[in-house]
Amino acid sequence: MNLVLLALVFWVATLALNIRISHSRFSETRAGRLVVPAIFGLTVLVVWELMVRGLQVSPIILPPPTAIGARISTSLPVLWGDFVQTFVKGALTGWLIGCGAAVLTAIAIDRSPFLQRGLMPVGNFVAALPIVGIAPILVMWFGFDWQSKAAVVVVMVFFPVLVNTVAGLAATEAMQRDLMKTYSASYAQTLLKLRLPAAMPFIFNGLKIATTLALIGAIVAEFFGSPIRGMGFRISTEVGRLGLDMVWAEITVAALAGSAFYGVVALVERGVTFWHPSQRRQR
Amino acid sequence: MRSILPVLTVVAVIVALWYAAAVAMNATWVRDQAARAGTEVSFQELVPRTLAQDRPVLPAPHQVAKGLWDGWAGQAVTSRRSLVYHAWITLSATLVGFGIGTGLGILLAVGIIHNRAMDQSVMPWAIASQTIPILAIAPMIIVVMNSIGVSGLLPKAIISAYLSFFPVVVGMVTGLRSPDRMQLDLLSTYNASRSQTFWKLRLPASMPYLFASLKVGIAASLVGAIVGELPTGAVAGLGARLLQGSYYGQTIQIWAALFTAAIVAAALVGIVGAVQAVVLKRMGMAR
Amino acid sequence: MSDAATGRPVIDARKVGLTFQTADGPVHALKDVNLSVMKGDFVSFIGPSGCGKTTFLRAIAALEHPTEGDLRVNGMTPDEARKRRAYGYVFQAAGLYPWRTIAGNIRLPLEIMGFPKPEQDRRVKDVLQLVELEGFGKKYPWQLSGGMQQRASIARALAFDADILLMDEPFGALDEIVRDRLNEALLKLWAQTGKTIGFVTHSIPEAVYLSTKIVVMSPRPGRITDVIESPLPRERPLDIRDSAEFIAIAHRVREGLRAGHSYDD
Amino acid sequence: EDVTLQLKWVTQAQFAGYYVAKDQGFYEEEGLNVTIKPGGPDIAPVQVLLGGGADVMVDWMPSALAAREQGADIVNIAQPFKSSGMMLTCLKEWGVASPEDFKGKTLGVWFGGNEYPFLNWMSKLGLPTDGSPEGVTVLKQGFNVDPLLQKQAACISTMTYNEYWQVIDAGLSPDDLVTFKYEDQGVATLEDGLYVMAPKLQDPAFVETMAKFVRASMKGWKWAEENPDEAAMIVLENDDTGAQTEEHQKRMMGEIAKLTAGSNGALDVADYQRTVEALLGGGSDPVISKEPEGAWTHEVSGKALN
Amino acid sequence: MSDAATGRPVIDARKVGLTFQTADGPVHALKDVNLSVMKGDFVSFIGPSGCGKTTFLRAIAALEHPTEGDLRVNGMTPDEARKRRAYGYVFQAAGLYPWRTIAGNIRLPLEIMGFPKPEQDRRVKDVLQLVELEGFGKKYPWQLSGGMQQRASIARALAFDADILLMDEPFGALDEIVRDRLNEALLKLWAQTGKTIGFVTHSIPEAVYLSTKIVVMSPRPGRITDVIESPLPRERPLDIRDSAEFIAIAHRVREGLRAGHSYDD
């Protein structure tokens, strides 16, 4: 009980600290921008640890962060192997193919009103097939190794990127389009020089959402058949063995990898859409 | 109405490709069977056999259509074999989850753009939360909620909300930040309060982003509801149908459930799209 | 308007400087700007393109923050003055919200400042009439011509009673006739309400016709090169523009402008 | 009295005894109000038990013992299944006639606690499971028999009562197949047993309730063995998904009856020892590292059967 | 420029009408517009705000489509002419792409029309100089003042050699001095290249100074009320503005404008 109380006190204290910091000058600095989320994360971990210990939660339901940390440090080679299998081979490949296909489809749809009216509803439909249903089928089609995982990721990321790209391609101002018309610019030129740049904030919306979907997709697909490595494989088998510390170790890796992936895409976004008001400094 | 012809054309093309694929993918099995029986099959014999298997690798369109028809119209809607019944179960969790997820997503986005502490601390963790494989923690959510006595619709809705809040956050943060400097400066000269700036500028300006996100979010909600049905013992709902079909290798049942899910999703996305059209029109933004 | 001469300065700039940091080095938009404006003054800013007129107006309205010197409005910082809703601002571009009709755009500040509904309607109607846009209230901005949009944005700033009216080239896109009419209307409004007005224009006759004080600026870095107190009476019929006094002031402004340009070369 | 039972898998004839006992009023006769929660691949019954979501669960002994080592204090109170129904089913055309032929092949295995007997078996055969040419490649098998049909694996795990028949239903004849039962290979482990949290047994009232529960359940099982077709129909009625077929469940019930035959509900200590030995000898990665203690009790079944 | 008088009309409008359908009824932006413009003509359009000047210019450039009458450009439909890249267009608002630098914006049409890279660089440099924006090539649009943005958009239209230059209030946001200089530069360019120029302005002196033909319009519905052929010589020093001829034309234009306005009331 004392530990629970301690957890609450700690929580309130760090919350206050964070609010102070984020209102101070320090938060403008590079270090400050890292410190705030770090403190927040630390708070979550400490509160978690204290609560689990204080309430004597069984480690089979929820292990404390220290146990997870210990497991991570002793299982690095396994975690690395799983990471390569699931993230690099499955998620990344699928993300690239899926996002590429979605942007191309959006352009094709946009190009032809016929396709737009014909493909968009059908595309919506196909893309709305739930992964849990598709995954077994794709595993059946593409085999149990990473290819089927990539295929699942392709299907999963396709829709968000498509929807956002289509919205983005429609987001140019009338005058901007008129200018291109007076140049009698070809369709490709208008696309390349006006519509794609203007669509970038939307496309990156889709790409960012897709990064997290890609990882989930690759992991979930492994639940439906996989070789004996991979993050999804490890999670599902360790749940059965009640190796919850290992499950959380994998989840930690997934969260780190996913956040890093998202961060990289967000960084690229910053570079590409620097001109958009959402990226210029706000007051 | 102008879209009927294009849609039919696209559908026709897809169905044709589908039949071809069904023949190609199911042929191996027919040939293997023939080889095991020590006979040869000609192409004329092969085609009808590939399209009439009980457990095809890829069911033919008419098989799926029949599965759908049986599921939708062949039973009383209250029957456990009725897809309408299962679709309704999933849909109700989806809608509740979507409501919670969208509300939460918008709230978070509002917090993020208004509060530096939230901007800096919440976003990274919201991202991290989405990289946690939902299928891994869904059972934990169910177990935990069960042990505090909550079961039924709510746990599923929560998993559904978990998947749908994120697209909304990402889209809304960009959208709420999309007003340009002059638009903001104008309100600044009026000394508009933050809430006035929000309601009169940021929110209307974010609408195109919001609707793009809502479309993604509602599709994600449905996926969440289906995922949430798996660890509840897969007793009812489209997720249960999918899983059971999968256990027993009933491909046609899987496809029928899958199509039902997609029809529901497409309808939901369509509804969001219709609302979008109306709202943007009323805002004078539809040109 | 007896307090015009006696009162404390409404706008008081002392050695104000403002530098923008850009990727390829700092831009000195304002440097060593000294100016004091009394209550009820009508100040025009004139100067070559890019000399910092907009920047100075924005700094007064607390939309930019001087990096040097001291700027006071009613004895307060611009930010405090802004919080008291001291400003009506007409931007250089119309900047109407595309999702609101013209009437809706004009109503915006009224909603924000909490005017009662019937009062809002009345005011919207009045200012629409003032800028000659009766009958266009229900249109959306993109359905209006450029000049009409500009007038709508003027109406928006006039709809509520700000003490200080800051107008950045408000009549730039209007023809001579409408412009003359609006000039007169503005003078009338100013005479009736005793507002303090800051006004950017490129038209020398307009500046001379309207102002009690004409500020001539020159660029790189943006500075004030001349401040001309107008000897013209406050009551100004349109044909005052043919008077010798008027022509003399206009000449002085033109010389100042030319000097700013030659410095530029 | 309310009792909640957590199953290990979805509603099917594998659990007929419990559904029969409920349907035929055996539980009611004992004054029990039993709720049966179906399981599935995403449910670890132990977690539900620990979380307080159930009073008693059905689990396989290998995963139960592994859970004990992880710190879950659970105890076997009854063992309705006498024999193991697990086997490897292979396609003859891959050239698998005996366990020696496994070398270099891909084998489908269920994980999530079901892999232990398999790993034990392979280590007995001296076959590494790392995918090397001298060993076997292990494929984590999903929920169905597709890997065999799609020729992604030479052999897959099946239950005598379920997946094997799916292979047959898919159109393969028994002649096309070779099966290796774990029972025959000497690596069988105990399957469906009833487990509860050990500390709860301190409470005599709980023991009493469980005794009633086991008694009624065994009555259900015996009724199901005698009336397999009716039992299958009862299971079918309790399937909320409406996905099960009558034919499949009747056949499953027939096979299940063979596995429950010979058990009166009490755990056979010899079977237990055999299971423990099999798991202790799990090769490089043994399932359990030390002889478990207090993993079972006859207290409940003893009370129930007298 | 001998072909100016003899050639076939470059722009030929016959009873052109254009009606916008809006939610609250049709807006007659143009009605019964007849005009023919010869190659090498410099045509100014002047008229009250909202009288259809922009709409007519847009119709010429095939950005709007007349709902009545017949409009031909070089004997073709405006759409065909557009496809042959006949137009350089300066919009009423600058409309620069925010993701391109100023130089990048000016380079845009050059890229589209496939100019070789060194030629692009040369032209960008030349027009930046012409509009007095040397040194601002690397800035982004939002880092420029309003007048500078407008000049950048003029530079963009001048960078390539369109036969027909359509300019919608290009000098509206510029001070007198720069405006005079750009007026001269434009006249020189016109004399050198023999372009046909359509030019909207609100400044009567500017219209008279630049044009060979002044079109006076009046609103609701937008019509042409007067077409004045300028008797001024093509060679025009700035001080021609003090000549009696000049003042006479300016007077006629002013009268036309006033008439349009009175009709309005």
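First chain written, first letter: the chains are A, B, C, D and E, and each begins at residue 1.
Methods note: a contact is a pair of C-beta atoms (placed from the backbone, for glycine too) under 8 Å apart; a residue touches a chain by one contact, two chains touch by 3 or more.
Source: prediction; values computed, not measured.
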item: Those chains which touch chain D and also touch chain B; value: A
item: Chains touching both chain D and chain E, listed by label; value: A
item: Distance from the mean Cα position of chain E to that of chain B, given in whole angstrom; value: 52
item: Distance from chain D to chain A - Cα centre to Cα centre, in angstrom; value: 38
item: Rounded Å distance between chain C and chain E, as computed from the means of their C-alpha atoms; value: 28
item: Junction residues of chain A - those touching two or more other chains; value: 61, 136, 140, 174, 223-224, 236, 239, 276, 280
item: Junction residues of chain B - those touching two or more other chains; value: 57, 135, 139-140, 143-144, 181, 230, 243, 246, 287
item: Multi-partner residues of chain D (at least 2 other chains); value: 41-42, 44, 47, 51, 142-144, 146, 150
item: Contact pairs between chains, per stated definition; value: A-B, A-D, A-E, B-C, B-D, C-E
item: Touching residues (chain side chain D, partner chain A) in the complex; value: 41-42, 44, 46-47, 50-51, 63, 66-67, 70-72, 111-115, 129, 131, 137-144, 146-147, 150, 152
item: Complex contact set, residues of chain C against chain E; value: 20, 22-24, 27, 46-50, 53-55, 92-93, 138-139, 143-148, 151, 168-169, 172-179, 202-204, 254, 257-258, 261
item: Sites on chain A touched by chain E in the complex; value: 173, 175-176, 178-186, 189, 193-194, 197-198, 200, 273-276, 280
item: Residues on chain C engaged by chain B in the complex (per definition of touch); value: 58, 61-63, 82-85, 87-89, 91, 93, 95, 97-101, 108-109, 111-113, 140, 142, 166
item: Footprint of chain B on chain A - complex, ascending; value: 18-19, 21-23, 27, 33, 36-37, 39-41, 44, 61-62, 114-119, 121-122, 124-134, 136-137, 140-141, 159-160, 163-164, 167, 171, 174, 201-202, 205-206, 208-209, 212-213, 215-216, 219-220, 223-224, 231-232, 235-236, 239, 247, 250-251, 254-259, 261-263, 276-278, 280, 282-283
